[in-house]
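Chain naming follows the written order as A, B, C, D, E and F, and within any one chain the residues start at number 1.
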Amino acid sequence: MIVSFGELLLRLSTMQAQRFQQAKAFEVTYGGSEANITSALALWGIPSAHVTVLPDNEIGEAASQLMRSYGLNTSFFRSGTGRMGIYFLEHGTSLRSPKVIYDRFNSAFSNLSKGEFDWDVILKGAKWFHWSGITPAVSQSAADACKEAIQTAKRMGITVSADINYRRVLWQYGMRPIDVMPELISMSDVIVGGITDFENCMGIKLAPDQSFEQACEKVKSQFPHIKTMANTFRVTHTSSHNELQGILWNGQDAEKTKNYFINPITDRIGSGDAFMAGLIYQSLKGAPNRQIIEFATAAAAYKHTIPGDVLVAPVEEIENCMNEQNIGKLLR
Amino acid sequence: MIVSFGELLLRLSTMQAQRFQQAKAFEVTYGGSEANITSALALWGIPSAHVTVLPDNEIGEAASQLMRSYGLNTSFFRSGTGRMGIYFLEHGTSLRSPKVIYDRFNSAFSNLSKGEFDWDVILKGAKWFHWSGITPAVSQSAADACKEAIQTAKRMGITVSADINYRRVLWQYGMRPIDVMPELISMSDVIVGGITDFENCMGIKLAPDQSFEQACEKVKSQFPHIKTMANTFRVTHTSSHNELQGILWNGQDAEKTKNYFINPITDRIGSGDAFMAGLIYQSLKGAPNRQIIEFATAAAAYKHTIPGDVLVAPVEEIENCMNEQNIGKLLR
Amino acid sequence: MIVSFGELLLRLSTMQAQRFQQAKAFEVTYGGSEANITSALALWGIPSAHVTVLPDNEIGEAASQLMRSYGLNTSFFRSGTGRMGIYFLEHGTSLRSPKVIYDRFNSAFSNLSKGEFDWDVILKGAKWFHWSGITPAVSQSAADACKEAIQTAKRMGITVSADINYRRVLWQYGMRPIDVMPELISMSDVIVGGITDFENCMGIKLAPDQSFEQACEKVKSQFPHIKTMANTFRVTHTSSHNELQGILWNGQDAEKTKNYFINPITDRIGSGDAFMAGLIYQSLKGAPNRQIIEFATAAAAYKHTIPGDVLVAPVEEIENCMNEQNIGKLLR
Amino acid sequence: MIVSFGELLLRLSTMQAQRFQQAKAFEVTYGGSEANITSALALWGIPSAHVTVLPDNEIGEAASQLMRSYGLNTSFFRSGTGRMGIYFLEHGTSLRSPKVIYDRFNSAFSNLSKGEFDWDVILKGAKWFHWSGITPAVSQSAADACKEAIQTAKRMGITVSADINYRRVLWQYGMRPIDVMPELISMSDVIVGGITDFENCMGIKLAPDQSFEQACEKVKSQFPHIKTMANTFRVTHTSSHNELQGILWNGQDAEKTKNYFINPITDRIGSGDAFMAGLIYQSLKGAPNRQIIEFATAAAAYKHTIPGDVLVAPVEEIENCMNEQNIGKLLR
Amino acid sequence: MIVSFGELLLRLSTMQAQRFQQAKAFEVTYGGSEANITSALALWGIPSAHVTVLPDNEIGEAASQLMRSYGLNTSFFRSGTGRMGIYFLEHGTSLRSPKVIYDRFNSAFSNLSKGEFDWDVILKGAKWFHWSGITPAVSQSAADACKEAIQTAKRMGITVSADINYRRVLWQYGMRPIDVMPELISMSDVIVGGITDFENCMGIKLAPDQSFEQACEKVKSQFPHIKTMANTFRVTHTSSHNELQGILWNGQDAEKTKNYFINPITDRIGSGDAFMAGLIYQSLKGAPNRQIIEFATAAAAYKHTIPGDVLVAPVEEIENCMNEQNIGKLLR
Amino acid sequence: MIVSFGELLLRLSTMQAQRFQQAKAFEVTYGGSEANITSALALWGIPSAHVTVLPDNEIGEAASQLMRSYGLNTSFFRSGTGRMGIYFLEHGTSLRSPKVIYDRFNSAFSNLSKGEFDWDVILKGAKWFHWSGITPAVSQSAADACKEAIQTAKRMGITVSADINYRRVLWQYGMRPIDVMPELISMSDVIVGGITDFENCMGIKLAPDQSFEQACEKVKSQFPHIKTMANTFRVTHTSSHNELQGILWNGQDAEKTKNYFINPITDRIGSGDAFMAGLIYQSLKGAPNRQIIEFATAAAAYKHTIPGDVLVAPVEEIENCMNEQNIGKLLR
């Protein structure tokens, strides 16, 4: 079983190309960086569970129902006092950028109580635990629970992955990333992040001309526990037209993927989560690095074609995308 | 000019008869008890302004745009740090009740700063100031600003009206209604509320068999400044079928209206605000009490047929409703 | 074949319970009093044709396509210069009345040229010709064409029916109904109308206490050609709840139907046209008067349950309604 | 755990008051008589599983996802060759009846293979097994599997309930209900059905003036295994206004509920399934018969207010409905 | 008159970029390869009729109504027992391919009875008869009726066209294409198809490096009756960006068109049918081959911009597209 | 304050890629070339007023409400007899062009009375007055009012700008552009138009190889009052992909902007108005010509990404577009 831990948000997005000010209705879905990953894995048939706290109302219940629909194990969902965090999304198009307004403070998740979760029970039998840098950013109690989970996973010999996911506008509870993240990262095996993340969350100083590979080596020297580091590079031609390339560093060599062109983009939220889901999926299968990173990047690219936060797509479609098979062919 | 003061909320409502858990989209509008009143008055051609604080983002801007569209003067809107308060609405139908989930803590409005508003400037030339019991319920600073506004209005000889609007789930900042409301009410001329409101917010103890009229007399003995008290009585046959009657007490006599039957109900939010708008409108015209209360109650009943928070209907339609003219006739 | 003559309008209606000012979209359909009748007849399998003029653009083409979809013969549709007449519709609900805004002046139909239609060709083989009082109200040339059509029908021995359909806001081209209508009515066999219509369009003065039957006798004395007169009486409890009763006078006796209660009303436009369609349908079948008027009234009542201008319902459903069979039963 | 067995259908319904011929879009949901029951139970927190066969495509997957969202255990869902059964639904309104078009032959479910399900494994630990008369109606193999399941349940001492649910248009594979149903019913403990069902599916001849209670006694004399029989009586005023009363016979006495009035009706599909869910829920709790039948009937009535096939409503709302508490009150 | 013969399907498509699993509603339209062609011709003012069998329910009636709206003669539509064939369509976008799920077995059309159609009556006065390889693929009786129609057309000297339209997933009734198609093709004058079609349906073996022109010559040597062969070549850059080129071989020379780039694609269903409609339209006008193929290919390309199965576009727009006139210019 | 004068139209547009004939609903908005400009300026915080005449009904009121929502001063809106002008819009896509059907004759605006507006009052305190060539094209009284406004502005020393906006299909009241426009243009300071406009509305004959700069010089020689001329050049690759470049001539030199590529286009209506709004905004700020034209052209390009007639976008977004900053970056 794969276990993830993190907050679920209500997503309210504008329809078609409308602006926030023009909206007479918002589309409703639910997601969160970590649950997006285990949701995709569950849809691919990998037993997966997510751990979170939701408000005890119908909005929280709706989030649970959507997660269950993906086949995600929601038995570790808890109800707590507080609200549902929200993010408002205005899709971009052409010259106009997509825009997110966060409204997530004081959520039930951020208010989680000490000892809310019995990690020994939750992680029993798990093969992989995933967390992201969003969780320690929302509150002290979330940071504490995250640390406890990682420590438990380590103790139980479970692989730990992290998406550093640095978001400047979070981190409002008094701690800086650099105070909290290095310890958590130091216990993780697989890290997804970019050079800015390394600087902000790991205190790694890099020269401007250093490559991702060189950065990884520097990280490794300070965080020797890390086995794999990966990232995607995005070229943003316009809001409708992006280009993605993935890279994976295994402690020695770096593998780079082909370039994926996405035009038009339906929904770019969750593409990093799709990347991580792909990476975990192929790693669990024991695939070679080349296949891991190509599949993960194809998953990230493919996510741009799918509405919502979650990569709703069978493995076969990702493989076709990665192998450039049947792209655009009418299948009947 | 009529001036109101209070919070604006983003309203997210389910479509048709859907439940919260079934919603794939929420309808979007904006409203607040006090602004709903001045919006209706502005639509009726009465110069009206609202005073509030909104978050400095597109959601706040959207709320402003809607208020402006009604012709409401928004020049006293301020931007502040904090979020937009939200309420989720599931419409009821038949045996199923309508349901509201509040998500309004820590809003930009509740965080308003001391001295944010210069009430002498704002109320200059105003004839009427309206506040409701929601405002002192959200935070100390809102309660303070409300008191300051009422005091200024009093000093300037402006008529002050209040809708007591007791909401148990608010009042979370440490004060009880009974600590705050009596002083504010004691400076108000026109009060809308029911017996429960009198008990909770004014400390009036009433025998179970006392009439509204008797209650008013008791209130008057303790709050001698009050000139007019009014209320509506609602018989709730089902969520789709309600019956309304209005009553107005002028310090001596009480006038009761005919019964208004509404079936089906399109949207019952804002019907109390429509009542207050009607009451202010006819009071400003110097109408006799009988006409004031019949018009106000017709406005409250008529609001049930109109989507959204605000009574979007010309005076002539309310008069037709009150006079039972052309009800249901195809006008072409 | 049944032939009708009259204008088609673009109908733009608000959605659900929205008001005109709240509409972000209008529902689109096309209809007209006369074509609504032949459309219903065509759906019932009676060969039917309509005669009209439409603007030479995609809006006109869309109207033609909708008419063809009902099986209506559109081979006598002509294109002309001018616009498509429009009516805006706000549905009523409960205490709020439905509202129509006409925007139909200078339409392609009202600009029809003299001699546009060769009525001898059009009416060849027809059994019935239908017109309404809307057509002579829109322009002199429409009135002239209508007269020419009726004269031709008379000459060819075709039954002529008319719905007097008095609309005060039309009749802007310089003629009054009383100048034009009596001659047209005097050549018609079947008349649908009420006492107000008789006064405005036929110059019949009636005492306030006269019954429909007495009115018919008076009409007959001045318009001896008329064989049948019929009408519906509507009790408008609210916009959502109406009651209908039909009456038919055959020159001697009057038959009254049972009362039909409609609650809620989906769309009350076209209910008079459904009545006429039912009346023609049963008359063509040679049904007894009792059956004619009961079916026609059931059709009128049933139309209130169907969106759009046209009675989209098989004969069997009207018969069930008339016989109170299976009303509300789930048919599976 | 509660286990149900039966087919899932794709439901395609018209929007608002549109007719099939007017539909430009169909609303999509999934349901089936038996799964509707266990879905409601799962939403109420009772561990519940459903057993079915779905086509191996995205439509089948969508049905699974919806069932999982309710918390229903879908681990006994199988993929098979064949299509997804469909039913088209046109909602009724006022004088116009709701209409269902079935398109369910040759479904993957009806093609299920012999031995597809290992009932000993499936029913291990179950407390209750539910089937309906729809399943043996669709194909021989479905009838066989149903019999096998009931026999296994009997053998394991599990309570068996059946909704007779006689549908004339099914039963096309060569067997008559009377050939198949009596044996299955004879092994069931709890039966929901009416007098017509008893005649068609159990061969019970009844005099026209016999009461439900008398019918039950006659049934019992021939099917001594049955412990409880229940049904609802519906008075169909119109498609929008129905009245329901429930009755439960426990082998000795019959309990009748109060009358429930539903006006307007949002969606009457699944009201019988809501009844059965309520009956099972209270039976499992060991409630007295009076409470069982009142709750079950309140559930059936309440379902009419909820879109879709499934009773998406917490126990508390059903109890309020049954106790006439807060009906129509705005909850905030 | 142009006559086509073939099945009509209900098309259920996802909205915007949604996946099947995400759909809460499907868009509804009706079409079929052969009727799409005669519908386009009817819209272009060419008298055209289609021949088919539909189920005797409202879904069948809705299909008829849509066909009539195009001006297609539907007087040869018959009702039969059986269901409406369905296809589910998920539009593709960017890297994600469009997907069709067929659900068309046991349709009323496939169950058509022997002698259902009197082809001598139907084809009387026709100039052109069109069939496609889908019809003989669905059932023996459909194949028989198709053969009978072609034979009658041949006997009456009517031009016969065929779109080979090989669909592997059909052909389930026991015959292979190669058993049935050659005889039908051998009686046809105009063939649209590609090299795979020739192999599967005509038994033509081709070397891998043979051109379309060489393939045509080989076909001609075995099917000497064929006068014209045509096809489009599609380069599928992505689901949103395609490129089309047309080719027409007249027995001697081949004409190739310019390349048409379509980006983005709105709806690629029916583009082959638009091609055939264009080819028939220009052939009937006696246009030179160059104009026939350029117009046909422009029609195919243009169809990608139009929602639904049918090319709803006037001839002038196709000509502008073909002549690269006004492409993208705002016409007002 | 900036003041504009001109007609407001109801815009009815098809949804997504539908054609007019396929539309079951039209999206509703309101706009007009001149008010689009002052609406954008009002949204940017520049006090702005528009002057117009609207019909005295709910459609007119809806137009007012939308204008007020932008913060536009609507106190100079007058009600008049006549209708609301309409334009129907079918968006283009790829190879298919956008299409506008005008239906604007006999509007309340075109019927405006002599002396309807007291321009001395309206323009008191204004800094800039804007008109366009649409206004003198609709009626003699509109042309007269426009002239009176320009003369008053001139007299008061207010800067006057004009968008020549030549529309051939207007100008139906008996005057030709060349009879009316030169006098109005001769009093204007800032002119937006192209070479065709100069020929049709100013009588300037130009050689085919003359540049915009040369044309401006020739114009200046005949219209010496003009200080600034500007225009955009559009390369229309397809309906979805356009390229824009702006040019501004200041009486001596011409400044050209970079090329802006828009792909895909959401809504190209109002892009010229956005250009003018940008030009006025920067001119008022006293920006150098280079900045004026780059900002104006960025505004025009950016408008293509926004639904509706009006540039709903803060200045900062236009500046980012102009500076190629953050284009397509997810802002959170």
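Here is the rule we use: a residue touches a chain if its C-beta (ideal position, glycine included) is under 8 Å from a C-beta of that chain, and two chains touch if they have at least 3 such contacts.
Being a predicted model, the structure only gives us computed values, none of them experimental.
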Repeated interface matching B-C, over half of the contact pairs identical, chosen among C-D, C-F or D-E: C-D
Distance from chain F to chain B - Cα centre to Cα centre, in angstrom: 41
Between chain D and chain B, distance of the C-alpha-averaged centres to the nearest whole Å: 46
Junction residues of chain E, two or more chains touched: 16, 19, 21, 24, 65, 99, 101, 264
Contact graph of the chains (line, ring, star, complete, other): other
All chain pairs that touch each other: A-B, A-D, A-E, A-F, B-C, B-D, B-F, C-D, C-E, C-F, D-E, E-F
Contact set on chain E toward chain D in their complex: 12, 15, 19-21, 23-29, 57-59, 61-62, 65, 83-84, 86, 88, 90, 99, 101, 103, 105-106
Sites on chain E touched by chain C in the complex: 65-66, 68-71
Partner chain D, residues of chain C touching it in the complex: 16, 260, 262-267, 301-302, 304-308, 312-313, 317, 320-321, 326-332
Sites on chain F touched by chain E in the complex: 16-19, 21-22, 87, 92-100, 102, 167, 169, 236-242, 264, 268-269
